[in-house]
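Take a look at the structures below.
The following pair of complexes shares a single chain, chain A, combined with chain B in the former and chain C in the latter.
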Partner chain A sequence: MRGDARSMTWTSPRTPAQAVRALAADPRALAFAGGTDLMVAWNMGLLNGRAVVDLSRLTPWRMIRASRDGLSIGSLATHAEILRHPAVRARFSLLADACATVGAAQIQNRGTLGGNLANASPAGDTFPALAVYEAVVHCLGPEGRRALPLLEFFAGVKKTRLKPGELIESVFLPSLPKPARAQFRKVGTRGAQAISKTMFAGALWLDRDGVVADVRLAFGSLAPTVRRLRAAEAFLKGRRLDAATSAEAAQLLDADVSPIDDIRSTRAYRLAASRGLLARFLAGR
Partner chain B sequence: MRSVGKNVSRREGPEKLTGRAVYLDDLDIPGCWHGVTVRSSVPHGRIKAVKFDPAFPWSDYVVVTAADIPGRNVVTLIEPDQPLLAEGLVRHREEPIALIAHADRAKAYEALKHVTVEYEKLPSVLTIADALAVKEKIYKDDNVFKSFLIRKGDVDQALASADVVIEGEYRVPHQEQAYIENNAVAAWEEDGVLVVRGSLQCPFYVVKALKVLLGRDESKVRVSQTVTGGGFGGKEEYPSMIAGHAALLALKARRPVKIVYDRHEDMAATTKRHPAVVRHRTGLTRDGRLVAQDVDVVMDGGAYATLSAVVLSRGTLHAAGAYECPNVRVRSRVVATHTPPNGAFRGFGAPQTLFAAELHWEKIADVLGIDSLALKRKNLFKIGSITATGQVLRESVGAKSCLDVVVRRSKYAQRRKEYDRWNADPKKPSWKGIGVSVCHHGAGFTGSGEVYLASRAGVALTRAGALVVLAASTEIGQGTNTMFAQVASDTLGVPLDWLEVETPDTHKVPDSGPTVASRTCMVVGGLVRRAALDLKAAFESEHGRVPRTRAELKKAAAALCGAKPARRFEVQYEKPSEVTWNDATYQGDAYGVYSYAAFAVELEIDRATAETKVLRVTTAQDIGKAIHPLFAEGQIIGGCLQGLGWALLEEPVYNDGVMVNSQLTNYVIPTSLDAPPFDVTVVEKPYSRGPFGAKGVGELPMDVPAPAVAAAVKHATGRLIATIPLTPERITAALAADAEAARV
Partner chain C sequence: MGALTLTVNGRRRTYRGAAFTRLIDVLREDFRLTGTKEGCGEGECGACTVLLDGAPVNSCLIPVGQAAGRRVETVESLGSPEKLSKLQQGFLDCAGAQCGICTPGMLMSAHAHLKSGGKADDASVRTALSGNLCRCTGYQHIVDSVLAAARGKKKKASRK
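And then the complex of A and B:
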């Protein structure tokens, strides 16, 4: 344990405006939501001397609100709260499935959706589902509110487009027709407490005659940020899903991702496993 | 009254369960400072300078370098080659160079940023292949720390005349012990005695090391164990290093100093299981009877000799597996590399060579067209078998019993057919497989080791009527304290709760040898039983009988002790008369007795991702007698899970001689969700020399999983992958290579 709490300052603002002011005043200040990633860095002594702005008093930001237009998830909603929410389970099941694979129960109880997004790991467990749902990230900063589509929110490995002092307020998932098929699959290093090697979320809508009306396919851990498979999606739309079409679509994976060799896995494995998951999804197995 | 064979409650259980157990870092030591370690950042280099930032307030700190060592700068173990603090040369990454202490832990860590070590980098040898090729000379002329040769019969002649000769090469990686509590010690001087407390397995090892390091008499060093959060061998020899560090800081600071590693430091700097490459050349008759085994073993010892010679010895002695063969040759070497020294880890060389010996049967089965199980049955050890070292197995051979239980309870034959059908269906999302292994594990020290150790243990009776077991064996989660109390109380015929067990403190207990080698119950438990028999005899002759009530015990104690505060009944190890061993020829009784285990594993591999799920484990283990059946089952399940981790998940990744995944996030050990259901049968073939018939259980469970897993992966995928861990990456690459080969 190399973290030194005495070298740090801790403030717990009562309003979003105070939180934004506190963060804007100190560019090195850290916003603390669930703390599940920050505590790892703290343990390594990487946060000594930093100011922490604790967001736990911003209780309205924990709300999950369902409407006809969609679902608004407060940034401080925990993975456990999200995965148990009836509207999430009924209408956005990929996100519920993803939240259920985050860390283990303790992490799900503390970790928040906003924290997951702000941490911007290439392996963020909720991102492929959010990419399929075309989530919109609502931010609050010194210059007011703005909304960023999910894919524009990330700037790279562990980098977001949040400006100094800006916080994630909520995430909005627009309503969508019920897909014919939807699947989330995380390939981690083990049964729990695992960081993903590859992660897939997909949703598929078929015409009455079995032709692909729409399809959204996303992968995590295969690029610096979550990726939608634009080439495969474009190829599939308007085609009938037979074995040859599925196989060809799976080969188009490479056009949108760029996996690497690292201490968790290899590029070759990530590509092979991801193609396998994609083929299985398209085959409806 | 009798407690042996019953699941009595664990002595330290309530304290651990309620969080009241005091681990080293929880010890509140008044005035204690915190020590940290300056470590090398190159695998091999000459230290040009150690620079301390002149702007940093060093007067607030205590700094120790090799120049502060009053005795010899060496970690005393087997060879005097490892310095406690590097001087002039560093031979591996993370090697200790200097020590810093401060009253405040964070300030101590902060100081590390203000020390720079300048090196002249030297060429490094980081792999077994480069060490054998003597790319650089590290140790003597050939980089070989130690080699062994076992010979039985005439292997060359037998191979030349065998119906078939089958070759194979098998590789196993490092493994991290991953105890829950990292290495931690504290040291201070008290009335001229250096006191060391720590999370450790072998308090007398630490005394012997400090005696040389500090140049002081053993009586002026006192080492005692604190509640220890696991060891698995990882706290066998390393505490001698870290205790030396704390002692030097404490003596220079003239105050107590604690050193508590964090996980990263512990994983990167301390010992691991030895990686190994094992080659087999096996001659058989066409119907599968062994005629010759030629085995070559090479292990990676890392930069210093540490325990490598002994690890290699055990690996060598188990290399032919639990099978009888008339002609055997085992050649083995452990080489030096510029990597952190490898050391003790549950199994101690045997899991490495047994992996190869067991998995090789799958290759043989393919060539002969005979199921590997039938081949194993044909050649397995039984009463009267003669081992590679010429040892006749006279008693307590449960190999076949274990295998029979496992084959029956796992429904091996039925499952095999069922999975064959499943795997033949291309529409199934997975492949399934079942694999079986059977291994032996020698209990106690190798060869004449127990004779050299000359361990002592005892039972004391105080005048106040307390009965106290005296042994240096440490409780590291395996149940030592409870087991000793069971053995002593049953031997005396008194209630279990009359027995206390003394803390392993070198000023209070005799040297019972280290807590290693599956010897605590069988060897030290045997000493405790003999000591208790002596006490029982004293009760009978001096008091008329063994006391039946507490009041009577007090009366008897007064009579037996007389004017003395206590009477100690101590005994020393005596070699069983039937055991003979020749260190020069490596012939004879390598171990007094062996434990045996059979293990069946069923697993399912996702065809898309090659993720492996272990469906079920069925195991039977012959440990002579389960003194405490629940603890024995705990050792079996825990050891097997550790073995499953080694087989499927765990892989320390080295880059430039240092472990780069030195955190539990990326060094992946099994979680409870990765643990399959276990069906455990304890087989009891009593050993006449063990207390109540007991043999060793600590390490045996580590031997069996890896070869069974690799056999099951072969059953599932059709591919024999001879290197572990069998990660999805490795399975995918092997299958891709097959597909590529099929295209060409």
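And then the complex of A and C:
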């Protein structure tokens, strides 16, 4: 069965408080941002009869604000708006690079950062970059505001820790020193429109003598939620980056991820490709 | 149910019906603008691409309620059979259309790219069209068509 438009109720609240009230009043109500995921499910007839709360009138939630402390991205900012923003490109380039790989122009023009997060796909394209930047997700709900670190925001495959009626208001990226090296890589069947088999974001800071001062490494599509490579990061800190160190760090990947065989790839391929991505990053290629 | 208005190809139109009806269905069935085609119905193929406030989007993924008060452009806005746009002429000259189902979406994505000042080189055009699938696999001819139209535009501008 296909989606039945007449079975849906549609409200377009003008204020965040109205949106929260509408969602809290009906536990089955759907928060609707860009619709690039929800419409696919609806077209297949999976969401008939549901109430839809259209968030598109909450225009303040589309703003991207840069300050000395960091960057606040409204939950309704689209991938296109994020990837073109000068402060994102200059200070948080991994996120701009990730947004440029979401679907293609048509999806980037509609899909929002808040929608990407709320959908909580293991393959969410923006998550490795957000994990490297230690993003904080700001939420608004019936009980007020709260902030969740990115890694605590996800509860599992397609599951978040959002409470009933709670919405993502914005995502904050704290300022950080410019890394010596930063890279985002996505591996899929083709450049555009692909859901990733594996996905990497990394940033590296070096001391004057070439020793790793700090490093943040994150992978998507290798576990139910995005993962930071805590073991590899700890191993690398304080070491000089040579071939042996890089190879050993790449072997530590398994400690923090648990890839599976599915329609898009296999566990073995995902591990092999991911070790390759990690080794290339550490080698500066 | 209610009435909402949107601007389609420069004309103010009123739609009466469910706000969750997909934009593509309103365009094709209510406004009889059948140039826009449906391919996959899930945002993968780009056949249904239209411009929403100037930006290319998949009209199969948009409830018409979110197009209320906004500007929609479809392939019918480009030219007419008697007077094709430069881009349409480019597709005709370079055999950019085969079966034709992807063509309206290709035209709208290419139109948005060139109109927004996008580069007229092979890589930029391919990126701009990467959300549009052609199952006749005529990609080379499609890219040639866009580049020919862009070059034509430039020549004309430099003659002025």
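Convention: the second predicted complex is superposed on the first by the 284 of 285 C-alpha atoms of A that agree within 3 Å, B and C clash if a C-alpha of one lies under 4 Å from a C-alpha of the other, contacts with A are read in each partner's own complex, and residues count from 1 in each chain.
FYI, a contact is a pair of C-beta atoms (placed from the backbone, for glycine too) under 8 Å apart; a residue touches a chain by one contact, two chains touch by 3 or more.
Given the structure is predicted, the values throughout are model-derived calculations rather than measurements.
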{"item": "Which superposed partner A:12 touches (first chain B, second chain C, both, neither)", "value": "second"}
{"item": "Which superposed partner A:104 touches (first chain B, second chain C, both, neither)", "value": "both"}
{"item": "First (chain B), second (chain C), both or neither touched by A:40", "value": "both"}
{"item": "Partner chain in contact with A:54 - chain B first, chain C second, else both or neither", "value": "second"}
{"item": "Partner chain(s) touched by A:273 [first = chain B, second = chain C, both, neither]", "value": "first"}
{"item": "Partner chain(s) touched by A:285 [first = chain B, second = chain C, both, neither]", "value": "first"}
{"item": "Partner, of chain C and chain B, that touches more residues belonging to chain A", "value": "B"}
{"item": "Partner chain(s) touched by A:265 [first = chain B, second = chain C, both, neither]", "value": "first"}
{"item": "Which superposed partner A:191 touches (first chain B, second chain C, both, neither)", "value": "both"}
{"item": "Contact residues common to both interfaces of chain A (with chain B and with chain C)", "value": "3, 6, 40, 43-44, 104, 191-193"}
{"item": "Chain A-touching residues of chain B, taken from the complex the two chains share", "value": "105-106, 109-110, 262, 264, 427, 429, 607-611, 649, 653, 660-661, 665-666, 668, 670-674, 728-729, 732-733, 736"}
{"item": "Residue ranges of chain A touching chain C (in the complex, touch as defined)", "value": "3, 5-6, 8, 10, 12, 32, 35-36, 39-40, 42-44, 52, 54, 56, 80, 103-107, 109-110, 191-193"}
{"item": "Interface residues, chain C side, partner chain A - complex", "value": "1, 17-22, 25, 41-44, 46, 49, 52, 55-58, 60-63, 65-66, 109, 112, 127-128, 130-132"}
{"item": "List of chain A residues in touch with chain B within their complex", "value": "1-4, 6-7, 40, 43-45, 48, 104, 187, 189-195, 197-198, 263-266, 268-269, 272-273, 276-277, 279-280, 285"}
